[in-house]
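Both of the next two complexes hold subunit A, though its partner changes from subunit B to subunit C.
Now for the complex of A and B:
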């Protein structure tokens, strides 16, 4: 409960108030999307140790699930959103055999799966269903204010989930599985089931983020919502801040995405240099992220 | 025969193959509640493979395992833990980033221990770990990590405990303490299957041993009698044609 007051409420309140004092709403919206995605990576990587290089596949599945509901069934956006997220969860279920793989093999197979979904969606022969490579236009339901508000709700739910994982025995079981699946089994944890639950929750977060992103931007191409940049950013933000915590991924997004927007847009050449050096330095000297630095100073990081 | 006197664990004709290698080749023995059975034999004779199968890490390729009258061969580890079978590991496997207390708490939360009075602090204290309760398990030395393995196993309330080379690497005082601890556990009714190379330790805690060679039992009886058995002597010291 303390974490809800200290983290969830301030973060959500900040994003609720900022639009009235800051005019670049798209930027604020993107901050929220990246906090959701970094937390989604946190759920599957931070808590269970599987690094999903194809995480964007769930984001794209959510965006397309949402859009196809709106286009073909004229579904209202607030109904299309959970259905679209359901598409991401179904994709997650479909990919559960990947857990037979471990380490880098899992990551590579997951990346291949995301690319495969992109190829299917952007196949010109499926134009009548997915609009193929020509992209989606949802001008009929365009409503940035409501979409922004919905994103706030998804953000709150995401943070609520991670706070639950951080403080519950289920979250502890996931961390036990990450540390040693064999020992976790001997401790009585159903390793296969708990890991799949975490995976599907992670897919659900990305699916909701993708759906609300599709609604907010309302015009996009397959390459937009299946862009590997979403995966890379989400992973780097989560790693930078510190996995298996609530505040780590938030810190990561605020600092790194903030830096990206401050330096990256105006002077991209310096940005890439700074970003690259930062990532190398982190992996070498601070593999557990910023929060491990705070922990070293004796702070208990939620 | 009343159920109290029937063996807790009956292993019959257990077979495990790794490719063309038969690690277990028809192993059979049984174990009663409250008994400590030593499983000894040269390296590669199949002792740890046997424990890995009984604890669900491997599925057997043949034979049967009955625990409390129920077939448990091939069940996954968590179901065996719920059924009352647990183990320690030759190389301890704690959850390194979790604290010592969390390591035990999680086994209490998920282990479905029938004894609901199991208390983390009491368990840690009985194994000399209470002072380290709030440290990450990674900071424990390897002897204490072994004790943590044991604490985690006991937190699930096992009726059969598989102990894989717990004594290796412990100093004499620690050995003395752990021998007494294992005997206490047996007195409380837990059956223990102990794999060990330290014969002194085996002799101190067991009444009965099974000697294995090449995936089969070749002797069953007391440790003292084992070394009057020509086959056992040949396996451990080499026969006339082994030189």
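Now for the complex of A and C:
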């Protein structure tokens, strides 16, 4: 409850209030999307140790699940959103055999899976279903204000879930699996089941984020919602802040994505240099993220 | 003396009242916001467009600004331009920045469909008219969105009409009855393929499509595909791809020894210098392609004619590596349309600007051809004719326009020697 009051409420309130004082709403919306995605990576990588290089596959599945519901069934967006997220969860279920792999092999197989989904979605022979490579236009349900409000609700749910994981036996079990699956199994944890639940929860978060993103932007190509940059950013933000914490990914997004935009607008010519140097510095001096630095200073970071 | 003073004061007050009335609320500058991609995969199409727009803007500012009817005076232009580095997400944020923070008066998109796509809903959301430079994606133009107009390049769904018309009208007389279509599966070339297919099928000319295959845009080896095409024994091969696709395809055609009797590609016309550098003059000889506006001296009723524009470009960008061509004309055309719209609009209100731009439709003739819009804001004028590249005796490639007949400069060479 303390974490809900100290983290969830202030973060959600901030994003609820900011649109009235700062008019670049898309930027605020993107901050929320990246917090969701970084927290989604946090759930599967931070808590269970599986690094999903193809995490964007769930995001894209959510975006397309949402869009196809709207296009083919004329579903209202608030109904299409959970169905879209359901598509991401189904994809997650479909990919559960990947857990036979570990480490880099899992990451690479996951990346390949995401690329395969992109190729299927953008296949011109499926134009009548997915619109193929020609992109989606959802002008009929275009409503950025409601989409923003829904993103706020998804953000709150995501933070609530991570707070639960941070404070529950289930979250502890996941961390035990991350540290040593065999010992965790010996201690009575159902490793396979718990890991799959975390994986599907992570897919659900990305699916919801993808659906609400599709709703907000309303015109996009397959490459837009399956862009590897979403995965890279989400992983980098989560790592920068600190995994297996509630605050870490939020800090990562606020600082790094904030910097990304500030540098991109003010001095785009130095953008890659500054950003690259920052990430190198992080890897060299703070491999466990900003949170580890705060803890070194004696602060108890949730 | 007192009488003279009163008279002078009266005259002065009347003059200033008139001046005030004319310049009431006139801004010190018109803010024009746009994006460009100095790096990444769209840099080659973005930079010429951006440089063309900049050339127009600097020329106008050197003349004291652009005439704005709403304030009945010339007002200088201020360009606010950000580098999106060909990144869609960055572009989205920067478009928002232009609208919400810089509060630009005129919003101009980056070049090409991909970097324009993210601007479409953003502009609509903020009720800003999106001056779409070359984003031809058919998805952008819907009857319920009045906040977009396409400046240059016909919308992809009608762009290939001259090609299809040539094949269905002149083709059968030449012996073209079997057509193969190979296209890259992206919005730009995929939509062109759909249009070619539709035009050929609707023509009832007896021309048959014997091969129709979409392939990933990343394809770089066409050897197997060429053999598959040859197996269908086509009279004409239409390859629709981006510049790297066309380069790889034409190289493979040369290497394989396969000689299609009629060969069409998009980029030998749009980026001739680039293609010649990579494929060589012999590889482009007798290839059919679009004839860009940079090759046709349209009678411009507004703005510089092609020759003067080329001279101005060469003078301004003497050391630049950005090539003059189709896209550089597009950027300048954008400027001309904006200039004409500001001279016609009664206010800077976005829908008033739209109305002013629509009033130019079918009337404005620039070095890019006749500017013409359909009801959704898509460009249906500025059609690129069909031409054939021919190596002359000095080994220089020249365009021979073959369709439409009224602008034709020569006869097509068929079959390709």
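In this section, the second predicted complex is superposed on the first by the 299 of 302 C-alpha atoms of A that agree within 3 Å, B and C clash if a C-alpha of one lies under 4 Å from a C-alpha of the other, contacts with A are read in each partner's own complex, and residues count from 1 in each chain.
Heads up, the rule we're going with is that a contact is a pair of C-beta atoms (placed from the backbone, for glycine too) under 8 Å apart; a residue touches a chain by one contact, two chains touch by 3 or more.
Computed from a prediction, not measured in an experiment: that's the story for all the values here.
*Asks:* Does subunit B (first) or subunit C (second) touch A:173, or do both, or does neither?
*Replies:* first
*Asks:* Going by the touch definition up top, name the partner, subunit B or subunit C, that contacts more of subunit A.
*Replies:* Counted on subunit A, the partner with more touching residues turns out to be C.
*Asks:* A:183 contacts which: subunit B (first), subunit C (second), both, neither?
*Replies:* first
*Asks:* If we overlay the two complexes on their shared chain A, which of subunit B and subunit C does A:39 touch? Say first, second, both or neither.
*Replies:* neither
*Asks:* Could you tell me which stretches of subunit A are touched by subunit B in one complex and by subunit C in the other?
*Replies:* Correct list for subunit A: none, the interfaces share no residue.
*Asks:* Quick check on the complex: what are the subunit A residues that touch subunit C?
*Replies:* 23-27, 30, 119, 122-125, 132-137, 139-140, 142, 144, 216-221, 223-224, 227, 229, 261, 264-265, 268-269, 271
*Asks:* Which stretch or stretches of subunit B touch subunit A in the complex?
*Replies:* Going by the criterion above, the answer is residues 55-57, 76-78, 81-82, 86-87, 89, 93-98, 102, 105-107, 109-112, 152-153, 155-156.
*Asks:* For the complex, which residues does subunit C have touching subunit A?
*Replies:* Residues in contact with subunit A: 38, 82-83, 85, 87-90, 92-97, 100-101, 114, 117-118, 120-122, 124-125, 137-140, 142, 144-145, 185-187, 190-191, 214, 216-217.
*Asks:* What part of subunit A is in contact with subunit B in the complex they form?
*Replies:* So the residues of subunit A touching subunit B come out as 169, 172-173, 175-176, 179-180, 182-192.
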